[in-house]
Structures are given as C-alpha cells and as structure tokens.
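Two complexes are shown next, each including chain A; its partner changes from chain B in the first to chain C in the second.
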Partner chain A sequence: MLELDAITAGYERGSPVVRDAHLTVAPGEAVGLLGPSGCGKSTLARVAALLHRPDAGTVTLDGRPVTGWRHRAPREQRTAIGVVFQQPRLSADPRLSLRDLIAEPLRATGRRGEAAATVSELSRTVGLGEDLLGRRPHEVSDGQLQRACLARALVLRPRWLVCDEMTAMLDASTTAALVAVVEEYRRERGAGLLTVGHDRVLLERWCDRTVRWEDVTTA
Partner chain B sequence: MTTPQNARPAAPQGPAPAPAVAPDTADAGARARAATTAPATEAAVTIPPAPHENASRVAPGSVPSNVRKTSGSPRDGTPGTPLLSVRGLSVRFRMRGGRHIAAVADAGFDLAQGECLALVGESGCGKSVLASALLGLLPGNARTAGSALFGDVDLLTAGERTLARTVRGRRIGLVPQSPAAHLTPVRTVGAQLEETLRELTGTQKHDVRRAARAAAERAAFPVDHLDRYPHELSGGLAQRAATALALVGDAPLLLADEPTTGLDRDLVDRTVDELRRHVDEGHALLMITHDLAAAERIADRVAVMYAGRIVELADAARFFGTPGPQHPYARGLLNALPERAFTPIPGMPPELGDLPPGCAFAARCTHATDACAAQPHFADGVACHHPPAEERARA
Partner chain C sequence: MAELTRELAAEPAVWRSHGRTRRSTRTLRVRTSAVIVTAVVLAVLVVPPLAHLDQQAVDLSMKLRPPSPAHPFGTDDVGRDLLLRCVYGLRVSLLVGLVAALVATFIGTAVGAAAAAFGGWTDRVVMRIVDTFSSIPHLLLGIFIVAMFRPGVWPVIVSVALTHWLSTARIVRSEVLSLRSRPYIDAAVSGGASRWRVAVRHLLPGVLPQAGLAAVLMVPHAMWHESALSFLGLGLPTHQASLGNLVQSARSSLLAGDWWPTLFPGLLLIIPTLAIAGLAGSWRERINPRRRSELML
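Then we have the complex of A and B:
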C-alpha cells in the first residue's frame, strides 16, 4: 500500500499548498488524481514520490512509515518508486545522452554492470530506436525525450509509479503509446500507479479509479 | 485605430502600407522575443540560430509545385480572394556535413478572412517551422521555396525591412507558444502593451495609457492586472496578455503557435473560445496545435501534417464527424484519443533528415503496398495512394 494520511505540505511557512490530504493506492491499482492547474496536486505527487517533505501527516509505503525524503529516504524506499514529470526538458540532464539518462538510476545505485542489457531492452519497450540513444536531449523531440524519461522511471523495476501530468505536453498518439507502456509494465510487474492530471477523459480511460482533488483534501 | 496607415487593408491587393513609425530596433526586440519560440524545440534537430540573416532561397524548380484550390470561409460563405495563399512552400535546413533536413515540403493552403485553419500533427513534424517561415523568422541555414502570398507581398521573398516594418505585428500577429516566456520578465504587462502601441500604431504619449487599457479589454485581460509582471500572472492571464499584444497592430492574420500547451482543459476551452471570437470579428487565424480537442472546437478547416508534408486538408466538421479523416495517419491520430480507441499509431515518426523517397507514413501504415514507395500526389484533399473506399474494401 501507498498511503498518504493527513498530508499538509507547501513551500512557505504558514501557507501550505496542500491541506490535510488523504489518498491510498493499493498494490497493482491505478489511481488518477484530477484537479485544475495550480491546485497543489503536483505537490502531493511529489510527497508521494518521496521528493518533498510534508509539513505534517504520514506517508506509509508497503507498511513502513516514511521518515526521510529525497536523499534522506532509505534507498530501499527510494528505489521502490519511479517518477515521470510533466516537462521532459526540465527533468532531463542536457549533458547526458539518452542512453546515459536511462541508465542513471542504475549507476546511482551501484548497478552499472546491468546497464547495457537493461537499457537496450527498455528502450525497445518504450519505442526508442538504437540511433536515438546516442543523442542528447536537445537533439530529440519532446515525445522522444518523454519516452526516455519513462524508461528511466522503469529501469529500477519500481513497485510504484508516480506520473505527474506525464502526457500534458504530448500529442494524442504519443500519449496513447506511453500509457500503453505504463500499463504493459503494470501488468507484468503488478505495480501500483498514482497519476495526476487535469484531463478527465484520459484519466478515466486509463485508471481503475479516479479521485477529484476536492475529495482528497480540505484545502 | 489611431493612425490611418495601420487600418486593416480592405483590399489585400492594395499597395503595402508605409507606416510613419517604423522603428527597426523595437521590431528587432519583438523579433528576438518571438525567435525564442522558434523551431529549435519543435523540430528534432539542432538549428544554429542566426536571426539577423534572412533565409535565402532554393533555386526555383527544385521542388515540384502542384497548385491546389480550396474554398473560402465555409462559415460566412464569401469565397473572394484568400488573405493568405501558400503554394509549394518548402523549408530545408542545411546541416553540417552537407546533410539536409526537409522540415517542410510542398505545403499549400489558402486562408480567408474570418476563417480558422488548424494545422495539426505530432511534435517534430514541421508545424512550427512553417509558422516561422511565414514570419521570416527562420535561422540563416534555412532555404525556402514556393510562395506565401499575403496581398501583394510574398512572405518568403520579402526583405527583412518589409517584414519588420509592414508584416510582423501589423499584418500578422503572433500568439506565442509559451506566453510567460514571450513576455519580458522585467517589465509590467501594461508597459509592454504601451510600447507595442507606440511602435505599431504611433499612439501619442498622453493617449497611450488609455489605449493600453482598451487593448487589454479587447483580449479580456483584466485592466487591474496591467501593473503586474509576467511571473505574477496565471497561465491563462499570461495567454491573454500575449493575445492582447498580438492584436495591437490590428493584423488581419493571427498566427497561434501551440497556444494551449500545458493549460488545463477549462483554460484550453476558454483560450480557444476567445481566439474564435477574434476569428468571428473578421481575423483569419492559423492555429498550430497538437491538441485535437482544441482544433475541433475552433477550426473551420483542418490541415494534417506528417513528416513535413500536409497529408490531408479537410472541412473540420467532416474531419471530426462523418465521414471522418481520409488519410490513414489522420485516422490513427484521432483513434489515439482517449475518448476514441486510445490506441497509438505503431512506430515513431521518421527523422526529417532521413525521409524515405516515397510516402513517409508507409512504414507505420497498415494499408501500405508497393505503390507507397512513390510519393503520393495531393488530390481531393488527401495525399495517399489508397483512398478510403479502396481501404475499406481491403479491410
């Protein structure tokens, strides 16, 4: 279970963006969180991905309460969650080739040896050709870069996926392709998914359950 | 309007208006701002920026130009002469090692007053390069062919002076992709509106504040927000501020490059409805987008672009309703929508620097045959060797 209980989070003291939010994702379940721009849903997604420490409330991951966020989270918890962000340009190091970008989580966890095999298999899964892997982010389109970012999120085989507006910048066909990759991975591994967005039609089509922001929080 | 020379040209054939105020410096600033939204992100290629060179041209005849006719505005039913007439437009980028990238090939369409044409396609298909070509904002390594007639001006051959003094902002208003990046961060929206008013319409100093309020109201930008800086605006308000700037010169043609990217659905609908209102007031709008829902909401006609070519040009109601799109790519694109089949088109778009000699979509197309090794001609609104009737018989 990925449980967010009474989460209050924000960036400035005294003015939280998220107030008293409750959200639970069961293993293997796909939950879509719907909300308008600027409501705080991305902040809640960052809390769930252990990337932003909440001011109050508890996050429980597979039965263990989370005590540290970002680099303070234990590696076992950190690597259990894969994250895909809205803007691939801002979430990819411009100096890395796509191959290195996808392999970075392996390198960071001391599993560099597996990189070659895993990256070529994963890049096929997400639909990136061998010739694209040698390029750097400025040499590929948004859609191609987001495919690489999705591969990067999957490379450690996480039990949980957090997708924050993963498809907002993409065209219809790339959106459908990336959602298909996520669903294929979840079928294979039984991973749970929290996806955040404002496109009701997309989330209802994609997820087992969609929740509205108003029903999650009291802010 | 404050000055007569900037009134909307009633007859597109009339001589190019010669504005009294023609500040090259201000236009260069606006250009530099506009250039930040130029093709680098859209095309999957690196284009070294060389904004002060004007794109030169390919030798005539290097690209076949098959002229096609399209009707005028379907809404008001007045065909007349089109405001913008694009024929055989091609853009190639010369890259290192003598390679070439064919970003746009043989594009042709007409656009009438009071009409909205939506140009749709996947990212990296050349949509934004086409827009940059119309504004003369291509980098120096670009070569263009064909023609884009706006009244008596060919936008592709016109000199920088003509473009800066009579076209950008005056005949073509640009609604940019990311308004927050388009606006100068260090000045308020009001100050930017006033500058644009002074430069484009010659509004005198004592009138400029009132004129700025009027300009803001035209784009439904709240006048009490004029003293705000761009970072203090929400995405929707920044979009309206950028639209207000685009409308200042009373340009008959509006060019909107992905105006709804990253906005949520309500905001997309509002932005699109506002743009539609300007169309209904008589502007022509070329909207470049990958958002099919937005295109459906606003467009009179739809042009589908794939790998630099327009593969289908259709009436919007027929395209989104029955009988639906004719080109297999366009049908695949619609079927990828979550409210439809939600199935992606297999494969990826080809690299613009390495296009096959025949139909660029053949590698991803379920209907491809040997005939697809040759480039299909654009006829009856579609460029495909397999017209739909034949396909249905085979399916």
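Then we have the complex of A and C:
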C-alpha cells in the first residue's frame, strides 16, 4: 500500500499548497489523480515520491511509515518508487548521454555490473534505438528524452510508479507508446501506479480508478 | 493600388543581418588576445632558461640608455637590460596572478558550495561574512594582510587570494542553489544517489564552467593587485623584478624625462591582462550568450 494520510504540504511557511489530502494506492492498482493546473497535484506527487517533506500528515509505504524525505529516506524506500516528471528537458542532466542517464540509478546503487545489459534491454522496451543512446539530451526530441526518463524510472524495478504529467509535453502517438510501456511493466511486475494529470479522457482510459482533486483534499 | 504593389515590389523584402561586422570584430578580439597570451606565456617560459644573461647584471656605464638595437627596451638606472627585466617581471606577476586566482577560486567554490549545500543558518552566517568582507576595499584589506608578513611572493599571493574569493563564493552559491532545485536532482535522489554522488556527479560539473571562468577573469585582477602592492612598496622585495617593482623604481627617472623604464613595464602590465580578460570574455559569451560581454575586471 502507498497511503497518503492528511497531507499538508507547501513551499512557504503558513501558505500550504496542499491541504489535508488523502490518497491510497493498492499494490498493482493504477490511480489517476485529476486536477486543474496549479492546484497542487504535482506537490502531492512529490510527497508521494518521497521528494518533498510535507508540513503535516503521514505517508505509509508498504506498511512502514515514512519518517524521512529525500536523502533522509532510506535508499530502499526511495528506490521503491520510480518517478517520471513532466518536463524531460529539466529532468535529465544535460551532461549525461542517454545511456548514462538510464544507467545512473544502477551506478548510484552500486549495481554497475548489470548496467550495460539492463540499459540495452530497457531501451528496446521503451523504443529507443541503439544509435540514440550515445546522444545527449539536447540532441534528441522531447519524446525521445521522455522515453529515456521512463527507462530511468524503471531501471531499478520499482514496486511503485509516480508519473507527474508524464505525457503533457508529448504528441498522441508517443503518449500511447509510453502508456503501453508503463502498463506492460505493471502487468509484468504488479507495480502500483499513481499518475497525475489534467487529461480526463486519458486518465480514465489508462487507470483503474480516477479521483478528482476536490475529492482528495476534502475527503 | 497598382502603385502600392509596385512600390512594395521595388522594396527588397529581405531581412539583412547587421551582425556580420560585429562578429568579425569579436573574432578579431579573440584572436588578438589569443596571440598575445600565447606570446607572453612562451616568452615567460622560454626566455629565462634560454637567455644566458643575468637580469641582475649591473653595468653603470650603460645606465639609462634609451631603446636601441642592443637593448630594445633601453636600460634602467643601474644599466640593467629592461627587456630582460620586464620578461622576468612578467613571469613573477603572471605566476602570482595565476596562483592567487586558483587559490581564490578554490576557496570561493568551497565556501559557496558549502553555504548552498548546508543552507539555513550556515548559509546566512557565511554569506553575511562574505558581505562584510566585500564591503572593505580589496586593496586596503590586501595591504593589511601583506603588512603582517615579511615581503615575498607568498604573502602577496595570500593577500590577493584572501581578498578575491568573495565574488566567486557568491557566484558558486547561487549557481548551486539554482541547480539544486532542478528536477534532474529529484530524479537522482529518487534513483538512490547519495548526497555525495549528487554533489560530485550532478552539481559540481554544473558549477565548474562558472568557477573556471571566474578563475580566468581573476588572473588580470590579481596581477594588477600584485603590481599595486609592489608599487606601494608592500609587495615583493625591491630587488626582485616584478612589473609593480619596475614601475615603482622607474618613478624617479620619469621625472628626469626618461620615459622608457615606465612605459614598457606599464604596457606589459596592461596589454597581457587585457588579452586574458578578452579571452575570458569570449568564454563567458559561450557559457552565457545572453549576457553582453564587456571587460568585467
């Protein structure tokens, strides 16, 4: 279970962006969170991905309460959640080639040895050609870069996926392709998914359950 | 109507770029700077070991001779060859400038990065210290530091380095702060990277171009400070040729109408430093094309 309970979070003291939010994702379940832009859903997604410490409330991950965020969270908790962000340009280190970008989590967790094989397998899965892997972020399109970012999120085989407006910058065919990759991964691994967006049609077709922002924050 | 179309057709509808001439002067500046810097570095490295002449050789029969084929820069008031003295002086000044700039950049980068990394109270206290020291004129603080030691190369380096790390610390701190809030750092954290790995793999490579640029921009500044300190008689020992010392010792002969002992060291102080600044300016234009390049010294 990934449980967010009574979460209040924000960036300035006294003016929280998210007030008293409740959200639960069961293992293997896909939950879509719908909301207009600027409402705070990305912040809630960051809290769920252990990247932003909430001012109040509790997060429970696989039955264990989360006590620290970012670097204060134990590594196995952090890496249990794969995150894909909205803007691939900003979420890729401009100095790393796509190959290094995808392999980075493996190297950071001391699994350097399996990097080569895993990266080439995963890049096939997300639809990146071998020739693109040597390029750096500025030499590929947004869609190609987002494919690499998705591969990076999947490389550690997380039990949970958080997709923050993953497809907002992409065209319809790339969106379909990336959603298919996520769904294939979830079928294979039984991973839970929290996806955040404002495209109701997409989320309702993609997810088992769609919740509206108003229902999350007043529940 | 027909007239209007004819008029419009007659006017060539082509946008012309007016950037061409400007670009060529920019290239010219970079090339000239590169040639001057290369020539200076070569002269400083090659001449002293190759020339079997003693820069300290006193020949009172040759004192204060104007420039001639035998002594292209003339001789000074005790008959030493000024060209040789100038090359040695430039060598010392360049060395002091380089080492001081490197040390200052190192301190500035470390302090700025630490302030940004720890944040909170550390950041506030460190940056207020930086502000405090920035409010004291560099030269005054430099004189204060130099005065605590015996004259020599190292006190000058220490004095210049300790007065010049402040701006680098500020630049590096703001750069780290802006890099740290990018989503790719979030992605690295989520991918299990340790603090150390985030710093070394993602933050440091982002800051290095800025820090390197700050270092190069600081070299001319450091050379000028060294010369200023020597000129005031607080820097290097007077027998040691440095550009500041040469200008200082030429002061008396200038009053007697002998212009060459002042002019040549002065030019050697100004031209190479401007050349280094020119190169650094073009580098900065590459890193940050939106900012107009001017000589920021």
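Keep in mind that, in the parts below, the second predicted complex is superposed on the first by the 217 of 219 C-alpha atoms of A that agree within 3 Å, B and C clash if a C-alpha of one lies under 4 Å from a C-alpha of the other, contacts with A are read in each partner's own complex, and residues count from 1 in each chain.
Assume a residue touches a chain if its C-beta (ideal position, glycine included) is under 8 Å from a C-beta of that chain, and two chains touch if they have at least 3 such contacts.
Since we're looking at a predicted model, the values are computed, not measured.
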Query raised in the report: Touch check for A:Leu33: first (chain B), second (chain C), both, or neither?
Result: neither
Requested in this report: Considering only touches as defined above, state whether A:Leu51 meets chain B (first), chain C (second), both or neither.
Outcome: second
Query raised in the report: When the two structures are overlaid on chain A, which partner does A:Phe85 contact: first (chain B), second (chain C), both, or neither?
Result: second
Query raised in the report: Of the partners chain B and chain C, which touch A:Leu193 in the superposed model: first, second, both, neither?
Result: neither
Requested in this report: Could you say whether A:Ala172 touches chain B, chain C, both of them, or neither, answering first, second, both or neither?
Outcome: first
Query - chain B versus chain C as contact partner of A:Ile102, first or second or both or neither - result: neither
Query raised in the report: Should A:Ser141 be classified as contacting the first partner (chain B), the second (chain C), both, or neither?
Result: first
Query raised in the report: Counting residues of chain A in contact, which comes out ahead: chain B or chain C?
Result: B
Report task. Based on the superposed arrangement, let me know which partner A:Val201 touches: chain B (first), chain C (second), both, or neither? Result -> first
Query raised in the report: Which of the residues in chain A end up touching chain C in this complex?
Result: 46, 49-51, 70-71, 75, 78-79, 81-83, 85, 87, 90-93, 95, 104-105, 108-109, 149, 152-153, 155-156
Report task. Going by the contact rule at the top, pick out the chain B residues touching chain A in the complex. Result -> 40-46, 121-124, 234-235, 261-267, 290, 292, 332-334, 336-339, 342-345, 347-348
Report summary line: Listed in rising order, chain A residues that touch chain B in their complex are 36-38, 86, 89, 127-129, 138-144, 168-177, 179-180, 198-202, 204-206
Query raised in the report: Quick one: in the complex, what on chain C touches chain A?
Result: 182-184, 186-195, 197, 201-202, 205-206
